[in-house]
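In what follows, a single structure is set out as structure tokens and then discussed.
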């Protein structure tokens, strides 16, 4: 229970400044405020680098702008994922410093500069087509105050590409790997480094890739320990989890 | 149509040595004999290295022994796959030179020595648990007159293992790669060599490996060109296809 | 390790033409160059008939043209798969000898004539609707320097069609069979010839064909030995693997 | 509505032999008796060749024997499918003329001889392992008064086998085809004859056969018209439907 | 083997009217002609009521018109399934008596009147949305010379609807039942009649109907014997099989 | 059996007012009328609050208007689900008091006011995107005469939201919970209350949500007792079942 | 917030009977006690008829007995589902009035008699093999204080069976329907009554029943409104939900 | 490239102590040694807390003991997962300080004490049946030098259980959550804390849980950001990844 708030009420009561009825009224919503409080607490923590996020898919442009206005009023940084060109144009009208990360289909509005975490997050993609998902992860991690280094188009079909990046990769504090088709890259990376790897299957592929299922299964069955997985095309989730880990 | 056989019958008829009725009788089954003939033709070809095969699963020991006796009477080499210890014991009683390849669960009876094909077939396995399937492929290829080199336990979790084999691997004329779990090894191998790769998914794994489905999908979606795939755990099929290719 | 390059450096050092520091600098990237070297080696091999390939799906026309320009600058033959009419029109502007294989949806730019491999590759399709996939395989094999003979619309519903092609088919060195719906044709062909068969399931069908899954499963479970399988609609992969085999 | 029964009641009422109340009592259950009547009607039809069937799987031996006693008391022929040795032994004690079709795992008790239908039903199996399912179909059709001709082990891997049976096959009035693995045989047969084909996928196979799913999908997507399908391993259902068709 | 043709050749040879070389030439293609002959035989049979069929999906209008012209030149009846309005308009220009069955999306061109089979085929649909599939079955059966009676919108949610049709239904010689969603209607019908039932799952439904898979599985697992199944939305296949059965 | 109708006929017969033949004629269709009668009975019950429903998906606007006219002629309330704007516009022309529930995509025409059931139904949604499905449930329940209270956007990612609603939620007589993605909310709600919970999985999500399958499976496996499930996006079904329960 | 408890603490503080520190200590755990309180509230409600439940599968006999002892010490009725013979024998030793419902594989210990709810719950099963699941539902509902009427073996293959039960069925306040195979019975029942129907798919069946998946899908896609579904073989869940509904 | 080793060779050459041939011989395997070196590097890192792991499933006891002996000879800590009682007994004979974590089915041999990481890892399980998987995660993390706090049996069906642990949970540096059935717990935990959550689906459940697939999908679709997922029942992988994160 929020001791400060509670003590204040109880002291007021003990000192006769408020009546029992008033105390009860103030405490009436405490349990949920309390949970709200821990939430607030958590939110406070979150405020130290966590953006407010809008998942734009399935929302109208108008709805998105309204939610964005609500968020920006709090002074928090905004992250709008799966945002089309039109969403960006509308947001830019209201928030002049809105930035459109076109490849990632992400709009960010950075209202206050964050102190960067010490290490860096590596974001790796297997093929060119996986880059939008990788970018969503990278931009998410950046808006949360992380340095990000990108290693794109280094898939296993040309193994020398990823091996040549190994020295730098192995200095990352957490690695996000986006890959479609057979999704083998996280296994290869995970086998080469002693770093947490977050694998993001992408829907890149055709036929028996089943829109990312083949990659997803491949990653879940990775023979390299230390690999965890997020949903297909969920670059945001990977970037977010990587940021939480890097902040540790 | 088999011209030799046909001409013989027609000449007999033209020369009055046989009647029309006799000619018809002899030709009556020709169409299917004909197909049979091309089959025989093919079988003749097969005889130059193709074993007769018994898939033991779902057959009684007695049935297997009977079929084996039938095959060995033709003087052909015998290959009995998915054969348990008991099958071997019974076969050994009848065919003293029967050999049990325990790890592959294969019994071979080599009745005539085959001339070896020129090149060699590489058989690669990702993990120790994939070895039985790899062995089934290797033994199948060997009984068909091929030199086989084995590269076992060289999965992608420790990439240096497969890379160190590269010089030798790249001299193979065809490569069989058996892997379970995420099945990434064929992609890595296929990306490193310019050789046909036959990928065999194995049922090694648990949970979302779905008894080899994850590996199967991974291999079908391989980002490396030149990789073809056989059924889960089908070491025999991979070895057989490799032998056909090496014989080319 | 690349002995020529290495020897040169070591000789320079032994003869005092370079210092240890210089030698180290030159050798510093050797491991990856080394892998790069084997890659180059491989690439050299590839250059003897392997095209550079662009998978156009999911790339913008502009991106495709840029990559194509990059490839053609190396003097290699170009193969652009899944290329629409618009892609072709743009490529033709830059590369006047670009050829559009409309049915296969493939653009080729042949910058140097390849010596043909000795045998031929048979490309077989079950139905008219499977022809685009079959054509992708055929054109791929051709640009890699192979003679290709086409056997189209010879599915199992009218068995006499494929049987009448048998004499010619059985002379092929490798056979690609594209089929949708139940995908039975590779089993039938594989049972009639002693030749490697590469089966390509197509997404032709409806309902419980599940966009090629029924054909894929049928081919993976083929009762004919010697059949290997590629991804649904992956005509390119089949043609590429067939070319590798024919080159053996 | 059962006119005989109804008329009798109404006549009784019209003639004053029964009161309205009695008539109502007798008619109270008529609607369901009526449906029961059409059922009886149907059952009468069924009695002309339809056996009473016990699906033994999941029933205790005791339960099976009780149901069998109940059925045999009606003088109808009995068909007990998926019956193990023990079931047969117990049934034989009570019904001395019980016959055990061991391969089909079916027990029949023929209490009255049926007049045979005119034509015959062909029952075809692809491999030896499919024979139990084929036998279940054959025995079911026989106990329903049909002549059955068996064509076993004629799968597509050796096409000449089924082609050589064509003349006889094409005289059947309906053909049951049991096949596992890729399940291609019904397509081949359906393409060769102008006869209804009932395809039975069997669970024979391994890996990506998924216990008969590959065969099932293959059959549902048959490119030959006139092929209909029953559940995996449902030899009984195929034989039953074939008998209904032959009786037409 | 076709004895008439064969005898003629052999007699010619025996009588010196043709040489051995000529006899060989004439017999050279016999095996396949032979198969072709049985095919012709079959085709002859087919000509007695079997239409030539074009599956229009995935074909251009031009291709369809060409194939149609080819077929109509033989004097056979034409059935073009999954034909859109545009296909019909083009066909009508060439074949004035082309009829468009709009709901079934089928075009028929009846070039010669067929003698009707004796019995009738019942075509049943569960809901209004299943009617197009049912119509495809009905029109297919009709063009093959069968009387068809339609029973539409009689699904199990209002059981009295199908029960009230029972007397008429039970006189059909074969019943086609099209149903989507849970696909329960064939089980109910199959339990009420002693007639072969061909079940057609339709893709009607949403969510966990998985585009007809729920209905397909329901029908394959029907607790009523005598029910066989065709592919999802395959009204043509059901109508064709029903026609084969009714013709028996 | 409908005793009034039956008695009338029998009395007429007993009193000689009608002949046996006439009685038989009148009774001929009784069984089905009888079922019809129980149906009518049921329909009478239904009339006490059950709307007539049109599922608009897959129907033309014209068809919908015709069916609606037919229904409204009976004086019953109308519920048209999955109705687009155009459907509403057309319906409004004919039925001026038609109401369009835009978010639910439902049109209602309330021709007679229903007496409200005593308790209320709670309709809960996890996210904003689930609201259309929740609304479909809510509007369905309302048109059936139920008070509905909405609790939207209270998903488990912010647990305090649902907990703060608990006191009010626990007074509902039945709770409908719509959720997509992982579908965890019904488990949480079901664990907190002692009320029947009807879970509606929605197709909200992407990737491995498989259009609602993940949510569906989650709900079917709920660790909270008392949770039952309807089809994906089936807000109507949930609202209908909730109304049946509340009416109890 | 629990006002009584809170007021007491605040009054004590206001009146100086306790210090602020003491008040804080007492209030420290209030939020969770509060939730606990609502839980207790709920539990109190539950005590009015809700049993304590042990799901025995995957627990050792010893563990089960310990949990049972713990529960019975509270005086609540016990329900142990999926309990084998051995579990019962051990429980009987400790709780002499333990009853084993063998078919349902359920042990109950009724420590206090419950007042019966007014209406009754109908429990319906399609086939004999579905009876264990139906019994689990029935016994669960009974131990929760409900009258249950059983209607077993009334599946759709013999429709008259369920129709003859209609008058009684339609008086139930809620109906549980257990069915395997195609799972059509709930649709038929739901179409005949105006009562909530809880459908329980069972794993009865083989082949494409996929251990209950066919039945599950059928039920989720029921064309009858008012049908909700629980997990495969989850008789307990159905009985529990039915009891909650009947208690309303 | 390993500069020390390289320099030594080059210096030797420059100084004439070795010949060019000798230098080449020594450098010949450098590239792979080089990779081996980075591997060694990595392995060195690993040695600082990473155990050597044996996955016992599918290995014989003898094989396991041999591998264990090999590992222990290096002085590293050993972790043998999925180890039955017999494996432990055999290992204990050779390694007296082997410890059997029976519930986790894990054997550990701790040969050198590790310095504990600063923070702690929380391991949470939803139900009692999930505890073995949770324990595997916990023991894995512990042998890697982490403090672990266990929170078992706190699933969402009784939400107060997890909420009451929140204050302690939120202090963890990473949280592992194991849950079967609907797998909702990670979403709830992830929504309450700002900590990385690793979700482990377990195969606990029945019917439509599909051996953990329902839980897996639920976790992949978690509406709470920061949740990543490992394979079904992969407690080891979760514990290993958690240890990598905590070590950061």
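Each chain gets a letter, A, B, C, D, E, F, G and H, in the order it is written, and its residues are counted from 1.
Assume contacts are C-beta pairs under 8 Å (C-beta built on N, C-alpha and C of every residue); 3 or more make two chains touch, one makes a residue touch a chain.
These numbers come from a predicted model, not from an experiment.
Student: Using the touch definition up top, find the fewest steps from chain E to chain H.
Tutor: Steps on the shortest route: 2.
Student: Go through D-E and A-C and name the pair with more C-beta contacts between its chains.
Tutor: D-E
Student: Through what angle, between 0 and 180°, must chain D be rotated so its C-alpha atoms fit those of chain F, rounded to a multiple of 5?
Tutor: 180
Student: Among F-H, D-F or G-H, find the interface that matches C-E: by residue number, over half of the contact pairs should be common to both.
Tutor: G-H
Student: I'd like to verify one number: the distance from the centre of chain D to the centre of chain H, where each centre is the average of its C-alpha atoms, in whole angstrom.
Tutor: 56
Student: Distance from the CA centroid of chain E to that of chain F, rounded to the nearest Å?
Tutor: 39
Student: Once you find the CA centre of chain E and the CA centre of chain G, what distance in Å lies between them?
Tutor: That pair's centroid distance is 50 Å.
Student: Residues of chain B that contact two or more other chains, please.
Tutor: Within chain B, the residues that touch at least two other chains are 35, 39, 158-159, 163, 192, 207-209, 213, 216, 220-221, 231-232.
Student: Touching pairs of chains, which are they?
Tutor: Here the touching chain pairs work out to A-B, A-C, A-F, A-G, A-H, B-C, B-D, B-E, B-H, C-D, C-E, C-H, D-E, D-F, D-G, E-F, E-G, F-G, F-H, G-H.
Student: For a test of understanding, state which residues of chain F touch chain E in their complex under the given definition.
Tutor: Where chain F meets chain E, its residues are 32, 35-36, 39, 57-59, 63, 201, 203, 211-213, 216, 231-234.
Student: Could you please specify the touching residues of chain F with respect to chain H in the complex?
Tutor: For this pair, the touching residues of chain F are 126-127, 155-159, 163, 181-184, 187-188, 190-192, 205, 207-210, 213-215, 217-224.
Student: Can you list the residues on chain D that touch chain F in the complex?
Tutor: 1, 3, 6-7, 10-11, 13-14, 16, 19-20, 23-24, 27-31, 34-35
Student: Under the definition above, what is the set of chain F residues touching chain A in their complex?
Tutor: Result: residues 128-129, 158-160, 163-164, 204, 206-209 of chain F touch chain A.
Student: So in the complex, which bits of chain C are touching chain B?
Tutor: 35, 38, 42, 45-46, 50, 53, 119, 163, 166-167, 170, 173-174, 192-196, 198, 216, 220-221, 225-232, 236-238, 240-241, 244-246, 248
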